[in-house]
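For reference, the structure is listed below as structure tokens.
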Amino acid sequence: MMRALASEDLYRVEKKDLFASGHRACGGCGQALAARLVADAAGENTIACLATGCLEIFSTPYPDPTWRIPFVHSLFENVAAVASGVEAAYRILKKGPVNIIAMAGDGGTADIGLQSLSGMLERGHNALYVCYDNEAYMNTGVQRSSFTPLGARTTTTPTGNTTRKKNLPQIAADHGIPYVATATPDDFRDLQRKVKTALAVEGPKYLHILAPCPLGWGHPGELTIQMCRLAKDTGLFPIFEIIGGQVTNVRKIPVKLPVEEYLKVQARFRHLFPKSGPAPEVAEIQEIANLNIERFNL
Amino acid sequence: MLKQLEGSQAVAEVVAMCRPQVISAYPITPQTHIVEELAKLVGEGRLEAEYINVESEFSAASVVLGASAAGARAYTASTSQGLLLMTEVLYCIAGMRLPIVLTCANRAISAPLNIWNDHQDSMTVRDAGWIQLHAEDNQEAADLHMQAFKIAEQTSLPVMVCMDGFILTHAFEPVDLPEQKQVDDFLPPFNPPNALDPRAPKGIGLYADPRFYMETRYILHRALEKSKSTIQQVSAGFARDFGRDSGGLIKTYKLEGADLAIVTMGSVVGSVKDLIDRLEEEGKRVGLLQICSYRPFPRQEVYKALKEHTNIVVLEKSISLGRGGILGSDVRWSFPRAEKKGRLISSYVAGLGGRNISLEDLRAMVARVEKEPVELEFLGLRKEIIAERDL
Amino acid sequence: MIEIRIHGRGGQGNVAAAELLAAAAFKDGKFAQAFPSFGAERIGAPVQAFVRIDDKKIRIREDVRQPDYLIVQDQYLIDSVPVLDGLKPNGLVLINAEKRPEELNLKTTATVETIPATEIALEIVGRPIPNAIMIGAFCAITGLVSFAAVQEAIMEKFPGKVGENNVAALERAQEIMQKRKG
């Protein structure tokens, strides 16, 4: 069930500083930008549930939390369950409609937190789950996660990750939830539209946001926006919505770029380009991009 | 060979030399450098082991449980929240008598979230049936891992080597690292008494109804008590083979004839020793009883060491909320009832959440307990940030 | 025992600086202990690292509250972080700054030295990471650890071109400080 939203409300870029400045994120942090966009799109009538991770650490140090909406944080693996509890309480207490947003990174979503995410989605709680995907456990020092892409160097995959990125949007959609979307923080309007659209839907919603990490990915902070564009235009991070189980609103790539253009500018992939020529993983990564392009008709 | 390196690195290098066959760990500050270094050693082919990157500590402990049950020498590391998340599995591992070695990079427990050092994590699982050894410095942390595998495999009990998170794990200091041959001579290959094998089928981890369960717990308790002699023997053997004192049940420093005995464990021992020497120059006689093996608790050894001491202060980085000091209680319990009279035993809780413990703080503690016994005191408590009603 | 506190921002190689000094002291036959005081991995956040050097085994485990020496890798920290806290009255603080010591107007009885480490780093190493220059200047001023030891420590920690550049930076800092003395 989707509430109709006026077009101008849906497409307006919101700036309310509900996630204020003065937090302790690294310069150029993709997640900080995304969190700000999410909070402002959701508005004041929102409760944020945070998982342990970069966002929580840099936005809630006592006595200076950055949030101007209520937030709760307990552990790394349970944010979806905590959000489920908040949602249940609001229902029984009849405190009126409120936006409940669970926020987590790789681990809190796909690994240690997968169990509680699955539970929240499967039980049908009326809450939005936002995953900030920076493709590794950045907060603890860049260790691999199930979101780490093929070939990426992390401290626990020092010679390059050998597994493929887990497809959480698909897993979320396969729980039969009404709304799933992917987004990147370089496109403010699109990301915020998706938050607003999600919050207007009754039931569990999943939003997967790619969050470049200058420190972990190995690129200058000022190129975070550029990294988003390259991820999209190579086909490695497709942008789409899944509404009622159907893929829709796919962002077509204006000019397709070879994956090298994305990989070469990040230190985490540098080892794939020795003097003797690109490593075989590069071709495999291109294949992954090609499959996405075909599958989503990018 | 003496090297200047980070504590985590020293531990990783020594663990690698112990030839673990399956390693599985989930990253959590401040244990990360240990597992990253091991990943590097495996990736570079310098350590032949299966290194399984898992999705949580619960799975890390479960993976090493399975590996150990199948007959492999298995290792993991965790701390704080991770250790608590694997609590269920820790009890299983002990109940199944699997000789797994785990490094606990001691850290505080949420909420609120705090990533710095204290002993609340290992204290929380002190009843799970694991041997718990506490390292004084990085040399001992490295040494204890070699001893841990040997003790574990001789007793069929899992061993947790506790080293203070950040304070030791991230301290860059000199450690004498052994040669591979020395470690091989000290630690023979793992020869499991029970392993999953179709050629000799055994069941590991059964369902035990009220007729049988109690006896399993009795046997486990007795095994832990008996492990005290193994812990001492392995430490003595280590001293012979490597030429230095490491591990064992307890150690003392200038304790004999001291007017005040400080009982403590972990890295704060270093600061306490320094304080003792300074006080000695000032004409005061203070001594140290250092607990190395927290589980099994060396009750007789503690009693013998403190028998002649009437003024004792227990300094710990832990607390049983709603009751008081944990080590403090253990020390009080070490005296038979008849010998409690006239003995002053003060309990100090310090360093929680990584709160710095300075020599000044320790001096103040000594000065206070010299005058009067202290039931329970939080060392260096910042009363000024506590609301009146909460005091 | 000598105690040193290093102030900087995450990403400026503060921990590396502490470890290099400790590694050098070790090579010189001394006992050394180095450790950081932060935890989370954040670029740009104010951080501290500590070093202790002594002729005998160092046993104490606490923050350095009364340093003999301060190394401040980012001068702009001075306004927001009490970097001078606890500095011994006759101690020394070395600051990464273009200004001369007197121009910084610091309220301290300790000796103040400055060196434009970021500028030199950009020139020689190609990145604004001042630690090698700061260590070089520190060694030249204090003589606490030998240059040879620091050079060896750098080459061990950063093999190849990176190490060579850092050693060059170290040498430039040494030149500058020696020129000042002379």
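Letters A, B and C mark the chains as written, and numbering starts fresh at 1 in each.
Operating definition for what follows: a contact is a pair of C-beta atoms (placed from the backbone, for glycine too) under 8 Å apart; a residue touches a chain by one contact, two chains touch by 3 or more.
What you see is a predicted model, and the numbers here were worked out from it, not measured in a lab.
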Compare the CA centroid of chain C with every other chain's and tell me the farthest one. A
Name the most central chain, where centre means the mean of Cα atoms. B
Per the centroid of Cα atoms for each chain, what is the distance between chain A and chain C, given in Å? 39
Rounded to the nearest Å, the gap between Cα centres of chain B and chain C is 34
Chain A: positions in contact with at least two other chains: 57, 139-141
Two-or-more-chain contact residues of chain B, please, as numbers and ranges. 29
Please list all residues of chain C that touch 2 or more other chains. 40
Partner chain B, residues of chain C touching it in the complex: 18-19, 22-23, 26-27, 31-36, 39-40, 58-63, 65
Chain B residues touching chain A in their complex are 26-29, 32-33, 35-36, 39-40, 43-44, 53, 55-57, 81, 85, 110-113
List of chain C residues in touch with chain A within their complex: 10, 40-45
Please give the residue numbers of chain B that touch chain C in the complex, ascending. 4, 6, 29-30, 115-116, 137, 164, 166-167, 170-174, 267-268, 270-271, 273-274, 356-359
What residues on chain A touch chain C, complex-wise? 24-27, 57-58, 138-142, 214-215, 221
